[in-house]
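Take a look at the structures below.
Below are two complexes that have chain A in common, paired first with chain B and then with chain C.
What follows is the complex of A and B.
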């Protein structure tokens, strides 16, 4: 989009012209103008690529648009009413909720545990950290393909292990087992959570724990009374970003056909909300209804985030920023 | 720390590392198997006759070279524009004052919590109306808009640079654009490195963006890998899938191995400061 670029230039030009008049303008006004020159790309981008699309989606959600036929009708809130009568929408939202409730806490707990272990003075901890973190940098498509291969019916390692134990092979990638493959895929990336928790642990002043030990606190006491409270903002951050990410996850699509129009190939157990949205957009071309679904998701995410922040307000412990800390 | 405790830790860590790396082992060994070996059950743990030709087949079966070029182009556009734009905006937030700045900064921070995909689909419809689907313009636009997280990283870094630097430059008649370009940007290479790595891996790994905005024959590696290797019957050719995936994942892993510290500092700061 070239308009963002020209827009920036346009605001830049007057500032350059007025440079000779420097002495007459109050310095704060000049500074304010320069400030807006600098933040303009972001403001324009935010309006054009976030606010406007969201508004456009809202307008679409009030119509029966299919994206092709020129005749679209205003249908009011019919699409929103349909959401509550569409059993697939409700069940997919429920599955997304279960997925979130399982994978977010498990991932954070695993990451925290690993971070605590690797925050201790043991040999080769740098290497351990790197190797455990490694899967988190594998691109999502690569990770999903790898799990497809591990859980392949004939050539997969999972059934190889089962057969060497004398057990019957399992068809992993269909119902009801596909959801466990999905959970496994998400957990494979828990090194990302470990890195964030580790950085949080390293920020806790060592003197606090040492003082507690001098006062006779056990390791567990100093962990629950000092480490966890001081780490709580970091954990809260992970809960919020984790929940937002999970609610809009489309990982099941990558585990099955790997194409946007392939929602039909996703096993029922993994048929999550975003999959249903893709099905409405790219298979059924129901742009109006799919936009209503997106707004619904937006509202759910906003609501859940606010509830988490509200509920955590009493439990999360914020230290006063030490002076000079950047 | 007692001896037994230390050993217990190593056993736990060893098990976790094994669990983390074995999927990668399985991917690599699958990439070397013949179709016949793929079909036999139970699976072998290492290919009896490693088929390196799988890699050349994986390159010729899909438009691998073309898709790689597209991936690199998009990654290059995203990385340079996002980094420059984020640094530019971050400088404004760190060094200049204006009415409304506080509110804008709060908006900036809260956009980090916006669900990305929710805006992506309607953005697609808008670009389709502007006939910009199947071009690189969407990535130019996203790049120029900067990334809220990277703007924040740059702001934090620039805010820590002593004020005297800037004042001396102003006395010398240097404008803020010059101060940004000649003094602040050259100092910020640790953030630039983190930004380049984050935006490169982000663009290289992105699936939905190119799947939506580019047609099948001008798409990126991520999309080509996700659905490209199927035989006439529509069944996946898993040994080629594996070979393609290895080549697709490798650049990111190599980048990670050499630039580990930057990866970690980039991701780790996200939560805390």
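What follows is the complex of A and C.
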């Protein structure tokens, strides 16, 4: 197939390299211009909204800027060095790591379990899929504020249920309970993971499962030996995006706290890295240090992603050979 | 502005003259020539303010409606931007700041002045036609800073209204129901009495507090601790404002009083926040017996007959040291950035908002004390609670004094440390002394860092 295509291209090539008529631009130039015109909005957006802010943040990270004062001093890599000596930064990073280690696998497992159940020929399957996916399309801010209402100490539904059972109300949105509310909030969105896993499950050829059944494989054997390996690229995708999302968690942490008065009132159990960054920017006005923290987070995410990709090379099964590998 | 450029061409000169004449005519025809409109607008050249002024404030204070009214009154274009610290920072960094900005004078003035971002408004006030020096309420001194001390030196802003934030609003109905004597409208309560009354007034349903006895949290814990320490006869901040000392006997008395309150579980704390986020709805629901909130909270009750019937106002409490201090921690108002490109017009807008028709309208609302003495007679006195609050408040004014806050860090940063460390002391895992050591160490490190950055 590949050689036939090459053959077609070879024969078609001389016709494409016609000499352009006088005053007309060569087709390759026209194509290039069209290409650049099409990608220009993205490139402009990328430069203005990503490259420039990244560069500016890097410059800030080398200063002691407070965001207001014109007296800004160049401090070199002092801010980066301070990160390793700041106990709050280290502890917030550790909490973020634990949060990621707990919520990412749980979210993927819950999504996969729901996907497997809803991939069976059950009644009202479409309705269940829609209902479970629905929370995932609620904006994170809306979901966090809804959770705040549900777990409100005085007027929340959670304490309403406890009261009706004759139990004392719980102050959910402060330490140490706030972390359970947060984990619940994150798991609430596992419908997104379910949809991705469902799409992966539906992509697995039925013949493989049927052949395994004919060979006497149990459902569990078929699931672990056929379904999981064929689903592994989808799982890898979810791990990478989940880890990146979890490490950057911010709005749910801020909004699901008992008070909405800023980073200072976020319960210590939920005081994670991005909350500390926010506090450094807007409470402490340490723009330089906060920018260094963001660059450090970028490095951590990059490193973790590379490690995951490296580790996954031997465990992820691709039905199609990845590009560049032969 | 009025000097003639020798290089000006005849055509350009005629064009400019035409524009100037047209502008003067437009200003003359506009409502700006009516009463309560700044005439000179503080312009150094004496010409009328013109151009576009961008005001960064909250829409409930100075929003599009006020901008339209200002435009009509002053004959200039006034735009508004919603107040947002991030946006303000970005606008300042880009060299294109708003011309007028909302701020809390009591807590922000030294910080803004030390960073050279606020304009000295003394020359503008000197020429103001609406704001006369002898009419300015002393509370506006929170907007003054001489580089060493708050309350002295040039004015960098002006309050739109204010409260003495430790004065008490109480629910008389809850006091009567609990058999507790209502606070006196003239004599200040002792803080220890207030705490004991708070315990008696608190109602519980199982583990849930259904009626808070007392909320002394004010506008932030650091300012409350500074006030309590001052009442105890000490100072929380050093004279150079570069360090704090929570370990002094007076500061320890303040910390212990607050910890007694927090451990008693009779009101909101960082461990048990009020889900409403502020006292208004809780008070209106009959679930807050007393709160150190300041006069402005009374504005809420004028449209709420149920609360108006039971609300009472009392002076700020004190320790048994005979020191009586009734501070203002807000003094929310407006300031003008140094980098504003249209300061004359910006001051005209500030002046109109603080002393013109909007100021009169605010004065009658009861949401704060007007910043001009001449407007204070307009404060609401129709309802019994309003009359009582007015009389108590007017007597309370003499106990106001400016407390100096540090120029080195934002209050937010200090409050973040306090709210982080306080829970351990409330739970009893650390003592007041250990809490003081931790606060000293962390806050002083912040202050030292802030000072270093201002070098």
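Criterion: the second predicted complex is superposed on the first by the 281 of 326 C-alpha atoms of A that agree within 3 Å, B and C clash if a C-alpha of one lies under 4 Å from a C-alpha of the other, contacts with A are read in each partner's own complex, and residues count from 1 in each chain.
One rule holds for everything that comes next: contacts are C-beta pairs under 8 Å (C-beta built on N, C-alpha and C of every residue); 3 or more make two chains touch, one makes a residue touch a chain.
Quick caveat, the model's predicted, so the values are computed rather than measured.
Trainee: Clash or fit: chain B against chain C, after overlaying the two structures on chain A?
Mentor: Aligned on chain A, chain B and chain C clash with each other.
Trainee: Is A:210 touching anything from chain B or chain C once the two structures are fitted on A? First, second, both or neither.
Mentor: Neither: A:210 stays clear of chain B and chain C.
Trainee: Based on the superposed arrangement, let me know which partner A:131 touches: chain B (first), chain C (second), both, or neither?
Mentor: In the superposed model, A:131 contacts chain B only, not chain C.
Trainee: May I ask you to decide whether A:28 touches chain B, chain C, both, or neither, giving the answer as first, second, both or neither?
Mentor: A:28: touches chain B, not chain C.
Trainee: By the touch definition at the top of the document, which applies to A:285: first (chain B), second (chain C), both, or neither?
Mentor: Second partner only, chain C.
Trainee: Based on the superposed arrangement, let me know which partner A:248 touches: chain B (first), chain C (second), both, or neither?
Mentor: first
Trainee: For A:155, using the defined touch cut-off, is the partner it touches chain B, chain C, both, or neither? Pick first, second, both or neither.
Mentor: So A:155 meets both chain B and chain C here.
Trainee: Based on the superposed arrangement, let me know which partner A:169 touches: chain B (first), chain C (second), both, or neither?
Mentor: both
Trainee: Any idea whether chain B or chain C touches more of chain A?
Mentor: Touching more of chain A: B.
Trainee: If both complexes are laid over each other on chain A, which piece of chain C (133-141, 277-285 or 349-357) hits chain B?
Mentor: Stretch flagged for C-alpha clashes with chain B: 277-285.
Trainee: Name the residues of chain A shared by its contacts with chain B and its contacts with chain C.
Mentor: On chain A, the residues that contact chain B in one structure and chain C in the other are 67, 152, 154-155, 159, 169, 258-260, 262, 287.
Trainee: Which of the residues in chain B end up touching chain A in this complex?
Mentor: For chain B paired with chain A, touching residues are 1, 6, 9-10, 12-13, 16-17, 20-24, 26-27, 30, 33, 38-43, 45, 85, 88-89, 91-93, 96-99, 101, 104, 107-108, 111, 113-123, 125-126, 128, 132, 137-138, 140-142, 144-146, 148, 151, 156-157, 159-160, 175-176, 180, 201, 204-205, 207-208, 211-212, 222-223, 225-227, 236, 238, 241-242, 245, 248-249, 252-253, 256-257, 260, 263-264, 267-273.
Trainee: Write out the stretch or stretches of chain A touching chain C in their complex.
Mentor: Going by the criterion above, the answer is residues 64, 66-71, 73, 152-155, 159, 168-169, 171, 173-175, 258-265, 268, 271, 279, 282-287.
Trainee: In their shared complex, at which residues does chain A touch chain B?
Mentor: Going through chain A, the ones touching chain B are 1-2, 4-5, 8, 19, 28, 31-39, 41-46, 48-50, 52-54, 56-57, 60, 67, 114, 117-118, 120-122, 128-135, 137-150, 152, 154-157, 159-160, 163-164, 169, 188, 191-192, 195-196, 198-200, 203, 233-234, 237-238, 240-241, 244, 247-248, 250, 254, 257-260, 262, 274, 277, 281, 287, 290-291, 294-295, 297-298, 301, 305, 325-326.
Trainee: Tell me, which parts of chain C touch chain A in their complex?
Mentor: Residue positions touching the partner: 85-86, 89, 92-93, 112, 114-117, 206-208, 270-273, 275, 277, 409-410, 412-413, 415-416, 419-420, 423, 446, 449-450, 452-455.
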